[in-house]
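The next part holds the structures, each set out as structure tokens.
Look for chain A in each of the two complexes below; its partner is chain B in the first and chain C in the second.
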Partner chain A sequence: MERLSDWMTRIFLMLILIIVTLPIVLGYAWLLISTFSRRTFGLIPVNARGAFGGFTLQNWSFLKDPLIWQVTLNTLIFALGITVGVIVLSASAGYALSRMNFPGRRFTLTLTLLLHAFPSITLLLAIYFVLRWISALPVIGGLFGYNTLGGVTLVSIAMQLPLGIWLMKGFFDHVPWDMERAALIDGCSRFQAWWKVVMPQIRPGVFALAIFSFIQGWGYYSFLIPYSFMIDQTRGTISTYLNNMISTTSPVNYGQVAAVGLFQLIPVLLFFLLAQKYLLRIFSGGMKGTA
Partner chain B sequence: MRGDLRKTNTRSGRGDRWNAIGFLFPSLLLVILFFFLPVIITFFLSATNMSSSTGFRNWQWVGLANYTKILNSPRALSRLWLTLQYVALTLVFFNVGMGLLLAILTTRIPARMGTLFRVVWLLPRVTPIVVYVMMWIFLAADAPYGVINQLLLEPLGVAPRYWIAAHPLLAIVLVNGYIGASFGMIIFTSAIQSIPPDLFWAAVVDGASWWKQIRYVVLPLLRWPLLFVTVYQTLSLLMSFEQILILTDGAYNTEVWALWAYHRALNNYWGHFQWGFGAALAAILVLIGIMLSALYLRFFRLNTLIQRPQIESP
Partner chain C sequence: MRVRLNNISKEFDGTAVVKNLCLSIEDGEFMALLGPSGCGKTTTLLMIAGIYSPSAGTIEFDGRIVNRLPAKDRHVGMVFQSYALYPHMTVYENLIFPLVIQKKPKVEMRREAMRMAEMLGLTDVLDRKPSMLSGGQQQRVALGRALIKKPRLLLFDEPLSNLDARLRITMRAEIKRLQRELGITTIYVTHDQTEALTMADRIAVMRDGVLEAVGPAELLHEHPPTLFIAEFIGHPPMNLLDVVLEDHEGQLCARLGSLLLEVPRWRSPQRFASRVKMGIRPLHVTLVRHGGYPATVYLIEPQGNQDVIICEMEGTRISLVTTPGHNLAMGDTVHIEFQMDNVYFFDAESGKSLL
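This part shows the complex of A and B:
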């Protein structure tokens, strides 16, 4: 009797979960179905006469547009730049904070936490001025100034940095000191010890942070920052390209928009499903030490 | 022996200083360029009348004029009210409420099913933001295209409409909430899973129902995670506007404070950018941000986190 009521409870709870989760499932189902349909009424693919059918690959004709490959390349460079930048910078800063004693260490750590909580999106207007200043510098300005891929990449790295430093410090804290000490006694410099001895030991953590940074760069940072600081469409990302499509496309052509969306989603989904276990650690990373 | 160790420490301390500067320099540079400097610039700009018509040269100091302009603006009050509603509703029903519900439910059903639901809820967080918002636009689209009209409401006999225009506040809450809920979900789940099973057994032996276990065992132990998520998410909800920008771009009365600042300063239809006024709008958010993130610092056990490195250099 008790077992039965226990089962009833579980089924009831599952039902609640299914209902609240429904919008997410419907959203992805819609994306998948309308990508391959002439158009859809709700989730049902229909042909020109409004009857069931109308399956097509025509929505993928955007792949013939050279602009999509340009913005895809831009997005890839952008996301990889963020990944490499975040890993290298936060690994070196995290190492110093984990292993070294220097005046201002306490202050730097507090600052990292504070910046981690502070939403830098509010500073976008002022960042516009910083980028314009960088633009005025010789050589550097052309690479990292306003309206350059390098500039928006730097801004995005900075925004991701506090979380990265915090996580990296945590990874380093868990590495025993013995090998590093041996390396230092054998005459390695701090830099060599860090790069050759300690870094290989935190590979899983680096891997997780790298995938996280790539996903964030590919899908999240690639919208607002390039949207605000890039003028030419050819310098944009898939996100700005897609946003442009959404605001100009009529409802009948939803299929094309959906196809571009799926195109952008596929690499992220692959990474996410591959590394889901590692990523959970990062998503709750801000939580360290509180529970 | 101990004395020797201390001596080596002080000696290496000086070498460490230079090493540390080397290791920290690139990060510090970015932090100065894109955090410190912008904060200063924001406050500086907010005291000027700089705009695209004055250019970067012919601007003037106006003191607090931008702030009094905000105070006297009839729009300010309505946008403040909208922002408060949006933050409070999203926070209560999704970032905390739904997060908690998901954590409690997914830890109660068989583990595999629980993980599956949690993974599905994480999808919106990793999905490119424009793609995610696009899904909502088309879910909510008018008949015959929209999924919500066709699948959920037609059977109930509700007249079809474009739901984002019909209920804009609900729309921005839902779109943000379905991303936001997973943060609380992860944190509450790990907190629930770290509760010693003995506590549950004790409650069961005492004859406590499942509901009572939640009420008297789980919730009291989740006090800190709940406070943490609330503060952290209040901050990000107040400041973030990307989803709303893509969803409505402020149409149908959905221009929250942060989006207002963004529109005035960087992006509007007329191409007239009021950097000074926009900066004043943003400065108010920056101030709130600094205060709330200082509060957030208290939720970390700072002293254990910031202790001296346990192992010194040789």
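This part shows the complex of A and C:
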């Protein structure tokens, strides 16, 4: 009897999961099918007369456009820049907030949490002025000013930092004090203790944050920020390329838009598949001691 | 190495955790720092190690003030209660870590690690991660890591409290033997009086951040200078009874409720105190067949080779130690006698010994 009820529960849970994920799965299915079709009727590819058929590679012709490779490279640089920036800055700030006692520590912590909850879109105008101001500086302006990849990377790093710092602090909080003390007594300088003993303990956490930042940089941030602060097509990202495609060609070729979208999605999907174990740490917050 | 703590204090956010501690440890000495948990033992140890800096006072190593010397330059080895092994390194890597930091040659690392592993019985587990080891093995790795750099001072922070009773006794003996062999000055923090009594040359007893007394185990046991120490050292703990001292025709007597106990002259308090506590160890309270004072058995704790009997008399509880086989039950009436040659008197207010 118990066996049976067990099975019932399992089937029931499966059903719920299937129902909930169905729209998402259908969405992806449509995305995939439409990139290889002239038109679709629902999920069914159709030809000009409305009959089944009409397969084509036409939608993927954008791959021959040199610009797509330029913006892909840009997106990669952008996402990697965010990843490195977020990791380095959050690791330092998180360590300080977790381990050191300094004036303003509580305030910084509160501020970090507040900023995390703050909708970054409201800052766009202010950031515009900041970037403009940076542009006016010699050398730095050319690298990190308005309408530069460096500039939008910097802004995106800033937006991602509150979460990064907060997570990193959490990871550091889980490393026992005694371990660090032991390192100091064993002859480490403060920096060595951090680098050789503390950081390896939280490597899975750092790894998770890195992947998360990369995916965020590749997808989420790669539109709004570059779209707002970049004029040059060639300096843009895949997202802005996509946006351009929608707003300049009329009528919009949705098959092609879907193809570019899928193209952008591929690395993210791969990442998710390879790293979902680590990514879970971000959401479960912190980690247990690892062997 | 000689260690001197001159009037050191430590405050955390305005709360004094260690107060005006003065203590000197001789070269090669095994000093136990004994006290209940929360009394500031770890804080004191971490100040000596160079992790905390004292809020006031100085720490001297061989006559040199080291207050500003960073931990890494103090030549100290420390074993933590949690062992604090590095979980991402193997046992071998844990052992050689201090040498890696000192950039010692590889051959030397290997040689020293092997020597340590042999001495501590770790040769079979060198390639394992600490999480794969038993508590006792982890303890040994921690000890080896502290010893491998040939420290001039060894610090232990309750190293045995996470081990089971049997292992604790083995490790106790092993640590003591090692310390004797190597002759390294050692400060050993514990809240377990048995550890302190069995291992240390001298015991420093701490209470609420204050050093109560320092001395060899026998001295603290035979002549407890304060109530706290009388209560804390010795097993089972000393009976402490509220008494009133009275003079009866030249004979000093201690009144315990309606009982009148004659105090021998050489055990008489040397100073006056308005409220007095009389201390007597359970060993010095005996069951007698005839005479003595009646008491009711409250609880019997068999301990194998002896029984501890707690009885009630005159509204207070008194414990005594006796050989097993008395066939007593709770509620029985027994007759007890106090060996007044072994009593102590304390000022109930200041806690100071009156002898």
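Throughout what follows, the second predicted complex is superposed on the first by the 246 of 291 C-alpha atoms of A that agree within 3 Å, B and C clash if a C-alpha of one lies under 4 Å from a C-alpha of the other, contacts with A are read in each partner's own complex, and residues count from 1 in each chain.
The rule is simple: a contact is a pair of C-beta atoms (placed from the backbone, for glycine too) under 8 Å apart; a residue touches a chain by one contact, two chains touch by 3 or more.
Because the structure is a prediction, the values reported are computed rather than measured.
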item	value
Partner chain(s) touched by A:Ser250 [first = chain B, second = chain C, both, neither]	neither
Partner chain(s) touched by A:Phe118 [first = chain B, second = chain C, both, neither]	first
First (chain B), second (chain C), both or neither touched by A:Leu184	both
Touched partner set for A:Ala93, first chain B, second chain C, both or neither	first
Chain B versus chain C as contact partner of A:Val25, first or second or both or neither	first
Per-residue contact with chain A, leading partner among chain C and chain B	B
Partner chain in contact with A:Tyr220 - chain B first, chain C second, else both or neither	first
Which of chain B and chain C A:Ser5 touches, first, second, both or neither	neither
Touched partner set for A:Phe102, first chain B, second chain C, both or neither	first
Footprint overlap on chain A, comparing chain B with chain C	181, 184-185, 289-291
Chain A to chain B touching residues, read off their complex	9-10, 13-14, 16-17, 20-21, 23-28, 30-31, 34, 39-44, 50, 88-90, 92-93, 95-103, 105-106, 108-111, 113-115, 117-130, 134, 154-155, 157-159, 161, 165, 177, 181, 184-185, 190-191, 194, 215, 218-220, 222-224, 228, 238-239, 242-243, 246-247, 251, 254, 257-258, 261-262, 264-265, 268-269, 272, 276, 279-280, 283-284, 286-291
Contact set on chain B toward chain A in their complex	9, 13, 16-17, 19-24, 26-28, 30-31, 33-35, 37-42, 45, 98, 101-102, 105-106, 108-110, 113, 117, 119-132, 134-139, 141-142, 144-151, 174, 178, 182-183, 186-187, 190-191, 194, 210, 224-225, 228, 232, 235-236, 238-242, 245-246, 249, 258, 261-262, 265-267, 275, 278-279, 282, 285-286, 289-290, 292-294, 296-297, 299-302, 304-306, 308-309, 311-314
Chain A-facing residues of chain C, complex	46, 49-51, 70-72, 74, 76-78, 80-82, 84, 86-88, 97-98, 101-102, 129, 131-132, 145, 149
Residue numbers on chain A that touch chain C, as the complex places them	176, 178-179, 181-189, 192, 196-197, 200-201, 203, 289-291
